[in-house]
């Protein structure tokens, strides 16, 4: 899956050393996942057609370098596991060729607030995504 | 370790369902860790006396419920592991007695940009913290 | 009107000089206005009983000093003008006795997306607020 | 002056109605002003060569429409007044041809914390900007 989202690091996102705050990596991944769903043919809000929403169950971030003010971060998304009601995506946050952070996030599909299987049509789109 | 940080969920922190965005849990943990260091006798900036800084190496978040607008989140901090150059803390984000999220974060001490052992005096304060 | 909202300045709210970013003053005022409405007897969402919402038409901020990391900001709210469909509030953001910023904001009541008069009951609560 | 900054509205920037929070307009203007200085030949940090910094003295925002999730905001910058120690810029935040917000901000140049005249070389770059 190619890069799905990119943006210059904002001044307001940086700490007293000019380094982006850790929390913003989750914001960037959140923007990237919306772009990824849209690229897979499921734009924001479209899961409602199946009575579905999804939420984040768990996320793990590992940093290897820092993004700084003046740099542009890019985010790749790769599906890592597709369960009956869950989906795990791996995000790679880079500045050019340098990796800053790897993020592994597990989402759960829900209907009426309870875990619910991905419909076949959605599974097909995710698998092709 | 008792609760070290607490705040009402802000309107600006909530999404279209009134639920706090995931990224803000890292912001809350970041505020809590600064309070935890201060309570341990090492207020913000004091590690500079040993020529030390620290950075976040990895963090993992597991959600069991959501914090919503109108609720107040409280954060507890517990040391989980103290290595030669690393420190792992576990944060519990709650709304009253209901747990929302557990966060496990590993920090690394650095001097001149390279991992550096915690000095004995700092180890003693962390262990008592 | 006494202070309606207060919070320690967050690390994530501060720039490379340890000074709070200007945009966060609007966030603080937004929290304060929700507290002010609640204190006036109109908690968040209660205007829906009259089919009303409100939006911000204009806001002007004047800074006289900076809030910094380690300090606690407090916000006072004073009604300055109550029009047929509008309401102007003045917020004072302070650190202890030192004023940091004065914010003057005009809100407009709307029903179905168009300006709509404040109902008498709401006017009475605002005037007493 | 052409558009100096543009970005899709982020999901995390939107409230429960899908409308961008007011405070983020100041964040966008802050990104735009850094781009404007750079385009004028004075990239971030370059005023330090004259021993100068600048701070925001006052800013006034007037909204005529809302930016929403799924839309892209663009910001234009026009110098409106250049005083001995001050500079007033007018920002227009648009979604395509629709104006959302006009922001008028006055900056003050400082040296050692006190207002200080813009050097001739800086005045020339600002005037041409």
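By written order: A, B, C and D. Residues from 1 in each chain.
Keep this in mind: a contact is a pair of C-beta atoms (placed from the backbone, for glycine too) under 8 Å apart; a residue touches a chain by one contact, two chains touch by 3 or more.
Note that the structure is a prediction, hence the values are computed from the model and not measured.
**Student:** Look at interface A-D and say which pair in A-C, A-B or B-C is its repeat, using the rule that over half of the contact pairs are identical by residue number.
**Tutor:** B-C
**Student:** Looking at B-D and B-C, which one has the bigger number of contacting C-beta pairs?
**Tutor:** Higher contact count goes to B-C.
**Student:** Determine the centre-to-centre distance between chain B and chain D, using the mean Cα coordinates as centres, and give it in whole Å.
**Tutor:** 34
**Student:** Compute the distance, rounded to whole Å, between the mean C-alpha positions of chain C and chain D.
**Tutor:** The computed centroid separation for chain C versus chain D comes out at 23 Å.
**Student:** Chain B to chain C: how many Å between their CA centres?
**Tutor:** Spacing between the chain centres: roughly 30 Å.
**Student:** Taking each residue of chain B in turn, which ones touch at least two of the other chains?
**Tutor:** If we look for residues of chain B contacting two or more partner chains, we find 11-12, 21, 23, 27, 30.
**Student:** Okay, in this complex, where on chain D does chain C touch?
**Tutor:** 21-24, 26-27, 30, 55-63, 66
**Student:** Would you tell me which residues of chain D are touching chain B in their complex?
**Tutor:** Those in contact with chain B are residues 11-12, 14-18, 21, 23.
**Student:** Would you pull the chain B residues touching chain C in the complex into a rising list?
**Tutor:** Contacts found on chain B: 7-8, 10-12, 27, 30-31, 34, 44, 69-70.
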